[in-house]
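Reviewing the structure listed below.
Just so it is clear, A, B and C label the chains in written order, and each chain counts residues from 1 on its own.
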Amino acid sequence: MTPDSQETILLALLVPLVGACGMALAWKRANLRETVTLFTSGLLLLLVWSLVPGVLAGDRPELRLIEMLPGLAISFKVEPLGMLFACVASLLWPINSIYSIGYMRGNRESRQTLFYICFAIALSAAIGVAFAGNLLTLFVFYEVLTLSTYPLVTHKGNDSARQGGRVYLGILISTSILLLLPAIVWTLVAAGTLDFTPGGVLRGHLEGPLLGLLLFLFMFGIGKAALMPVHRWLPAAMVAPTPVSALLHAVAVVKAGVFSIVKVIVYIFGIDLLQEVSSGDWLLYVAGFTIIVASVIALRQDNLKRRLAYSTVSQLSYVILGAAILAPISVLGAAIHIAAHAFGKITLFFAAGAIYTAAHKTEISQLRGIGRRMPWTMLAFSIGALSMIGVPPAAGFISKWYILSGALQTEQLLAVLVIIASTLLNAAYFVPIIYSAFFLREDVGLTGDGHGEAPLPIVIALTMTAGLTILMFFMPELPLALAQQLILTAK
Amino acid sequence: MTLNMLLSHLPALQVVVPLLAAPLCALLRPRHLAWAVATLTSWVCLLISLTLVAQVQAGGTLRYTFGGWPSPWGIEYVVDLLGAYVLLIVSLIAALVLPYARRSVEREIDPEHHSLFYTALLLCLCGLLGIVITGDAFNLFVFLEISSLSTYTLISFGRDRRALTASYQYLIMGTIGATFFLIGVGLLYVLTGTLNMADLAERIVPLAESRTLHTAFAFILVGVSLKLALFPLHLWLPNAYAHAPSVVSAFIASTATKVAVYVVVRFIFSLFGYRFAFDQMQLDWVLLPLAIIGIFTASVVAVFQENVKRMLAYSSLAQIGYMMLGISLDSVTGLTASLLHLFNHALMKGALFMALGAVFYRIGSVQLGQMAGLGRQMPWTLGAVVAGGLSLIGVPLTVGFISKWYLILAVIEQGWWILAALVLVTSLIALVYMWRVVETSYFQPRPAGAVIAGEAPLSLIAPTWLLVLANLYFGIDTGFTIDLAGSAAAALIGGEP
Amino acid sequence: MEFLGHYNYWIVIFLMMTGFYVVISHSNLVRKIIGLNIFQTSVFILYISMGKMPGGTAPIVAEGVTLYSNPLPHVLILTAIVVGVATTALGLALVVRIKEAYGTVEEDEIHAQDESL
């Protein structure tokens, strides 16, 4: 709780914003602008990671900024879960920036400055969500995140972008205003506080069905977690350029959603309270339903990015499932899955974007034999897919293992079945892609221009994230340590 | 010594300065000179209101008697906390609108009428400030008419001939409203023999059962509701806002209805007393349904408007409904929400109407179809529209969020969940109609053959953005506004005899 | 005779309703303004009649007179009359401009012209 770490929190929020101003000033000079982006993202990485040792040692640095409403300040408190989320987001931003440079230049996208600026603002908002010390702060940055990513989703500026943007903004804003906001106000009226408190704040204030209703408002109000039926914004957001889909709709935005859900369950309701009452049980069923149905839909998509999007919907519900099982070990699994899924899914999106940039292909049926032309890309894709399925040596295995252990421990047979079935479904929609990419011959008519690998920055980026996916399997100490701290404080 | 004397006369000067400057403007033929005098006057007014706020915060309610006649006999000016706050809003908007006016008026109004236009604007300012500051019920009527008559004139300056019919329609309804108000005041005078509002408040306490008092209450409320454009007495407002010159729309949309809300608050809470109004007259049963229907219908109608100024006019009706909803909740939180929204709505609507004025300045229209593709050609102007729209929707970090938060808090405190849902649903409708503007201006190509519109001149953009920044600032650092609204609300409800 | 005891109020109400009816029912813009005038006049009478004291004289200090009429309502209503005159003037000015712009002062014809645009 040193003043140093307070400053670090503030800097972590401000650095991306200052970087955004820098990018705006350098708008005519692409090289300078991209240097600023890389520099900013690197600096953010250092700042966020410098907080890790303190948090591991038990520090919970706090920072109170301005008092926005009487008794309700914009305040920040770094706790293990937020630390984990911030680490993941800040680690992937520089890599994604490298990728963006290759992608945006390779596809000659317009308005690149606006793109980088919105990206930086979105990252600042994601850090704000991660470090939020109360629900109000979380809500504020949650909305900033939605709005700052809207220009990114609609970047192409054509009719389909407008349609996609409409669904994106419509669902995210309306769920947050219609459900999340009243849930927050209700919590305030009932409990008198909005601070994230270990063990929850609602004990003795609300009970029975009311608690279930409040949980309902929170779970569907946090639309970013893409629980069915409020998931439709995620496939709609796939009209965005791939770096946006990669970092925002596989990492920052969706993880902000499930992160908020875990945070609400652990720090507002309290695991124990939810265990005692049965009014929250439905969450398990909804999460399980989402996992299975989204996987089935993914199976039927031919567009690669849409398949990945539905896979994300399904994977996000793993995190919710992990939290809803309410066993400490499954909550731990949920926390780790935030990181594991991030590394795997960003790799998959990077690969999809690499294919689009090099071969201008978007459909899965066009991918026969592409593994020979783009071996690195498809290798990375395979690693990402393994992580999604949950096979060693990829990070997804670890988190799935913990969630499964939790389900077995609490004898939630349904959860166990869901996890097994979804593993099979995951395999069913990823393995054929890998198989046809490496083992089938290219269609004669589609050989086209004889492309090779994507531009170098893209390949570097996707190799790095694939490496991270493997690395996390062999060295899961850091996320495990943070997640264990979460369990300890939650008790 | 002279400074002290000046300071003690500030309540009078607040009204007298624009009143004297107005004829001066009319005499000044060179139009830039008229503009300069008007602008200077508005800044002096702002300075006076700021000083008054400081004085009230330091020393409590100010009472100023005219001509040495002590209060129940002479006309008295009263500046309490809430009054100072509303004075500040009105003069702040005036001080921002007038610098903006020069270019916009040059574009929209014939040169030979400029001096008269500024005269009318200053008279309107004088009337609005007078309504707020006076402590005398009949004097309030006079100022109400000063502001109304000048508003009718201002609206009729619109380029479109429909401005004339809009102004006429407003004149008829406004005069009926003012006359109703006058009847109410007359009945109060018959009953008590006084016109001083503080004195009235004391003398009507034993008369709570009197039928004359009930009639007076009804007449005054209906009269003010006409000025306020409370549903279903709102018919004049959309036309008036839509066809008035841009400067006038910006000015009256963010001040006139706010002042009318202030009058309602003043009469309900400090004159009649809220126990009389709510327990005896069952005001909540009248006000609440009207507010709800008003919010809902106006929001829905706004979605289908093609003229963006008209759309914002309907949105204003909905916002007036929010303020009335807060009042009718009959709780400190509800009143706080209304008073907060009074200030916040002035900021957002001011910014939005000014931005639309800048659009009109460049393309000569505010039809949605004509605004297609403007986002790239006028980035600052449309940026202001987006920011103002976000505030209207109630997105965090804007003032709109703060108002909405308080309104929902007040409603949930009463346990009225359906009402909370309604407030939230209507803010989503605001999302729909604002997003129509955003999508049209950013995603559609310019209509074929349309002029290439450059960014509006700085003198239009700067005041607009000052208001936009105020929207953001008071949405983040809310200490000042919430404290003021909260303590004013507590004083109004707690200060019941 | 109780019924007619306050006959001044009956006159006021009659005038008020007449004026109000004219404003609402007529589509001629000038007639509306005349109706508005009648409506306002009823209020003037309401004020003036309540200042009347039975047996009181004009409020001028003179020997041997103790009962005066209340002068305040007269003063108030002078102001209101001025306001009314201003309103009428402005309203008529608007009607002139409307006549110039539309060529008619009938409300329904004006609406028809605006709709056909």
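A few notes on this one:
Here is the rule we use: a contact is a pair of C-beta atoms (placed from the backbone, for glycine too) under 8 Å apart; a residue touches a chain by one contact, two chains touch by 3 or more.
Source: prediction; values computed, not measured.
At the centre of the protein atoms shown, by the Cα-centroid criterion, sits B. Among the remaining chains, A is positioned farthest from chain C, on the basis of C-alpha centroids.
Rounded to whole angstrom, the centroid-to-centroid distance between chain A and chain C, based on C-alpha atoms, equals 70 Å.
Note: centroid distance chain A to chain B, computed from Cα atoms, is 44 Å.
Note on chain placement: the centre of chain B and the centre of chain C lie 28 Å apart, centres being C-alpha means. If you check the complex, the residues on chain A that touch chain B are 66-70, 74, 139-140, 143-144, 147, 154, 157-159, 161-162, 166, 169-170, 173-174, 177-178, 181-182, 185-186, 188-189. On the chain B side of its complex with chain A, the touching residues are 390, 393-397, 402, 404-405, 408-409, 412-413, 420-421, 424-425, 427-428, 431, 435, 439, 442-443, 476-479, 482, 486. By the touch rule above, chain B contacts chain C in their complex via residues 138, 141-142, 145, 149, 152-153, 156, 161-162, 164-165, 167-168, 171-172, 175-176, 178-179, 182-183, 186, 189-190, 195.
Across the interface of their complex, chain B is touched by residues 20, 23, 29, 32, 36, 39-40, 43, 46-47, 50, 73, 76, 79-80, 83, 86-87, 90-91, 94-95, 97-98, 101-102, 110, 114 of chain C.
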